[in-house]
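Both complexes shown next keep chain A, but they swap its partner, so chain B is in the first and chain C is in the second.
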Partner chain A sequence: MQTINLTRDYDGDFVHRVEEESGQNVSLCYQCGNCTAGCPYTFAYDIPVSQIMRLVQAGQKKTVLSSKSIWLCATCESCTTRCPNQIDVACVMDVLRHMARREGLAAVPQVKTFWDSFLDSVKAHGRVFELGLTVNYVMRTGRFWTDLDLGPKIFPKGKLSLKPHEIAGKEHVARIFERFERESNS
Partner chain B sequence: MSEAIAYYPGCSGLGTSKEYDASTRAVCRTLGLDLVDIPDWSCCGSTPAHTKDHVLSAALSARNLQLVSGMGIASAATPCPSCLTNLRTANHRMEAPAMAEKVNKLLDAPYAGGVEAISVLQALVEKVGLDEIKAAVRTPLTGLKVACYYGCIMNRPPELMAFDDCENPMAMDNVLSAMGATVVPFPLKVECCGASYGIPRQDIVARLTGKLLDVAKSVGADMVAVACPLCQMNLDLRQGQVNRALGTNFRIPVPYFTQLMGVALNVADEELGFGQLCIDPRPVLNKALSGADAQAKGA
Partner chain C sequence: MRIGVFICHCGSNIEGTVDTATVAKASLDFPEVVYATDTMYACSEPGQDGIIQAIKDKNLTGVVVASCTPRMHEPTFRRAVERAGLNRYMFEMANIREHVSWIGKDREANTNKSVDLVRIAIEKLRRDAPLSPSKFSINKRVMVIGGGVAGIQAALDCADGGLQVVLVERESSIGGKMAKLDKTFPTVDCSSCILGPKMVDVAQHENITLHAYSEVDAIGGYVGNFQVQVKKKATYVDWTLCTGCGACMEKCPSKKNPDRFNEKIGPCTSINIPFPQAIPKKAVIDPTTCRQFVKGKCGVCAKVCPTGAIKYDMADEIVTEDVGAIVAATGYDLFDISKVTEYGGGRYPDVITGLQYERLLSASGPTGGHIKRPSDGKEPKNVVFIQCVGSRDKSLDRPYCSGFCCMYTAKQAILTKDHIPDSQSYVFYMDIRSPGKMYDEFTRRAMEEYGARYIRGRVAMVYPKDGKMIVRGADTLAGTQVEVEADLVVLAAGAEAAVGAPKLAEKLRISYDKYGFFMESHPKLKPVETNTAGVYLAGSCQGPKDIPQSVGQGSAAAAKVLALFSKDMLESDPQISRVDIKRCVGCGKCIITCPFKAIKEVEFRGQKKAEVIETVCQGCGLCTSTCPQGAIQLSHFTDNQILAEVNALCQS
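And then the complex of A and B:
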């Protein structure tokens, strides 16, 4: 069993920020484990979701924000749907990723890189350019073997466009990102 | 016959799920459901946006809701559950004035609310209705055994999605049943397939999608009908990866439910795009239909 010195390690500000940003009362969690039981990703997590909730209650900011689990949650909403205390657990996981980003933490870096590549594509074209996103991800991670086997399956289907679908309002979409970045830095 | 609905295809509808978009349009046209394209719609931000920031995510969705509002239309339908979740979440979060103000600060044109986002499946069930859908069947899918797979977020969380049952949804089962198909009880209807982890963590998708295919096979399904472009890609395009990772030998067709509806409604084959799926469902489909036909003639 893990022992935590709450007198020394409790970060009350962290608990308060998680609650404020998620709009959830994390103290309602009584550790029934329903979220972990239904979570399809428990096998891949380093810390099961119910334990993430407990660590948040205990103000363990560093442990939580350094976990792999927060980057492997797919927001499938199983936890939120089944929580007997109506805690939006998936929203808490989302907010923890937001906080980890701000701290410069990403324990599963390729997941963050994939999501960033996706958003870069939206910012550039207004819509996702599927092939460009994949190439961008591969270039940024150096994982050149990614899905090479799928090329011969999908290219003959004529579905993947070789150039982006630029929309007329792509500058508008780019401005959403620019204003967001400005607001975040102010 | 019905009021017009704005149509939001989602980015994959222009690429990896072209056949979902095409079959959706053809089926809705056949059933008299008037889908109107949203001029210059943009990406909803999908999962990557909400994992980065909730205001950014809501703004990317709200740009589209605002465009629908400008069309003078009160509801938008999308075939993609990820788009649906984002559009509905944006509406929900923007009910709080402080959030609406933050989101509108990011937009060129503010969104004042009032546009409801629903799935194409919900539009078919609620705006056309099962009786009318059933009356339009020309080629019943008799003899075809289908597992209906809804994916994880089409009905969850129930307070947000407000449609069908969150643990045992039935809308797709009812529609395909009305088409004459035999829907088999499928216990993993809402279990996650691995979502967008196919690229960064293929091992996760292999395991979760493998479980879905395994159970579909064990309940005797000829095919798995889906309603989500990402689910479809994981179950069909990645089925070979699943087989290699798990040492299995699955070969289960994974059509969109709209493609199967199209067959029953006698939509022209070229509009249904079966050839754009990796495992072409037509051989299994034709075998099931001709088997039922032979049985009927023999009886």
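And then the complex of A and C:
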């Protein structure tokens, strides 16, 4: 196991930014583990959520932002509900995901790609176009056969339209995206 | 008047941000000041000697010390000026530490503010008059409220010290929470065996009067002379006749009432004696379940009672007890586990509190000391203990540690193995808090000798599945989620202030914190005193405590009472209100305003006038600001003095 030098490797700026962006005080966490105890995704995580919180407290930016857990979190908010110190843990996970993205990190690229495809679809049509999103996602990830069996089940139910449903005022939605890009670049 | 001014450095506490020499120099320009100096520590022996010497050398008639808050050292300096021959009220204090040096860094501004505060103190001192306390006699009886182990200890120590003691207990027997416990940590000796003799001592002590099944209704008076009205709740049994034979309990047809002594984990009869060692061992009828009261007919107990003690028409009775001091020892209650819905307490019968588990372990409990789970009466093999349920939890507004749960859980894990050798205990904990003599060794023994499996982490949920309770938690040391298939889940419910504690505090005129625990006078140096003279605290009413701490506090409170009663007369504080009878128009506004009922109406030459009862007045000053005539004045804080202080500040 690697030794962490707490003097040198503590990234105070990282801790500060997580706290600022999430509006949470991470020093409130006393490591009871209730978030991990309730988390339905612990089985898939590489680092359990309580340890993510600990690593944030310890200023271990690289370890946290390159973890798979922050991408696998489904924001079900069990952790937030259970936390005895009323920390919005799911929000912290969300903030970490955003920070990882800004750093160009995505330990589970499929999840990031799915979000990208989803947002591209919303930007283009004002709402999501399911089939377009699926095709986009499959093309980017090459996961041709995964979930293919679901097609015959949902097509007859009209859940997967062949044409996008354009909404009125979709240019306004597009403008939100433009403004986000402009402001996040400035 | 010849005034001396002493500016204290308090080491660097004041001198660090206030130029005390300059303050002293500036003081010399104020009226009637003949001497001013700065001093390293005014409160130290040489510091006090310096003040006394100056009073003698310079013929001072009044002294101002600018130092810390009067709450800290006003009594010290008053005694010092008194030793030099001055009246102790010819002294004023300017607080230039808490109000100046500790709260600002600007040395020049701090120095100027200190000069202002000294000027104010001087203007007040110039209008001070010598005051002398009057003496009053005290009633050397003491009331102890609450008959748990802390109250029992306080009562016994006071009684052994020769005082008459009145012990008031809400339940029908004394013993409190300790009487419900099976064993005590860390010695694992039988709780009722070590408490029982003390309870018997209470019953047999000639100096102790016990009011069981009684509550304090109202409290009047002041230190040395309290009048307490005690409501003796109707028991519907004449206790002078009841022998505690228990024949009524055998025959009572209403048998399935939740037994409060057994924490509602077993049934009891409507007429009941809570446990075999009860003191007093007398029966009480619960009118909410008794058929005679609910249906209007039954009368079985009246028929079987060999002494004819049953009295269905009994009513509550109020008795007045005159005492000189009061010890509050009202204990604690348990956190309501049903508030933590994810654990299912109150919904699933096999999720119980630690105190309920004690009753299952106890030979006098509903199962006769055999551990049987409530749902089906089966002997559990896997028992899960969950710590900190209603403790250290901000989301439940219970951020404090209840202190004793870590220890009783370890004890229960040990006892579980003793009762059921092929059982396995699991303890979910956050931290093990065991700072007591032989305490940590005890928790280690639970793990090392009794094989209790300790898991560091909280539990997120408990749910039933195939006759088991599934406990899903975290093992933070392993960094993973864990599950236990339990037969019984025991929650270490945290301690809360006793039901009704805030109301009692208001009657006692003492403070309580936001959780309802009574406030001690000083968290370190006055742990059993309150801010109300003559009222003391013992045990968990002040905050969660284990048995040795509660017993220690019971004895400590008794020592305080004995010290108070070692004098025959008490001095009253002369800083009280006085009525100028010539100005009083008898409007009575002060009488209505006074929160202590310290002002009464009298007739003087056919005219109504107000009169202050010296011993009751607390010197709060509400009456002086109410009086439209300025006729009632608080000694040492007269309107003229306060106006002079304001003038000194505003006109400087």
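Assume the second predicted complex is superposed on the first by the 183 of 186 C-alpha atoms of A that agree within 3 Å, B and C clash if a C-alpha of one lies under 4 Å from a C-alpha of the other, contacts with A are read in each partner's own complex, and residues count from 1 in each chain.
FYI, a residue touches a chain if its C-beta (ideal position, glycine included) is under 8 Å from a C-beta of that chain, and two chains touch if they have at least 3 such contacts.
None of the values given here were measured: they were computed from a predicted structure.
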item: Which superposed partner A:Q31 touches (first chain B, second chain C, both, neither); value: second
item: Which superposed partner A:P48 touches (first chain B, second chain C, both, neither); value: second
item: Which superposed partner A:N136 touches (first chain B, second chain C, both, neither); value: neither
item: Broader residue contact with chain A after superposition on the shared chain, chain B or chain C; value: B
item: Contacts of A:N85 with chain B and chain C, given as first, second, both or neither; value: second
item: Chain B versus chain C as contact partner of A:S67, first or second or both or neither; value: neither
item: Chain B versus chain C as contact partner of A:H172, first or second or both or neither; value: first
item: Chain A positions touched by chain B in one structure and by chain C in the second; value: 43, 78
item: Chain A to chain B touching residues, read off their complex; value: 40-41, 43-44, 72, 74-78, 80-81, 88, 90, 94, 97-98, 101, 108, 110-111, 113-116, 118-119, 122, 126-128, 130-131, 134, 137, 146-147, 149-150, 153-154, 157-161, 165, 167-170, 172-173, 175-177, 179-180, 183-184
item: Chain C - residues contacting chain A, complex; value: 342, 388, 392-396, 430, 456-461, 472-476, 479-481
item: Contact footprint of chain A on chain B as seen in their complex; value: 11-12, 14-16, 18-19, 40-43, 45-56, 59-60, 63, 102, 105-108, 152-153, 156-158, 166-167, 190-192, 194-204, 207-208, 237-238, 240-241, 275-276, 278
item: Interface residues, chain A side, partner chain C - complex; value: 28, 30-39, 42-43, 47-48, 50-51, 78, 82-86
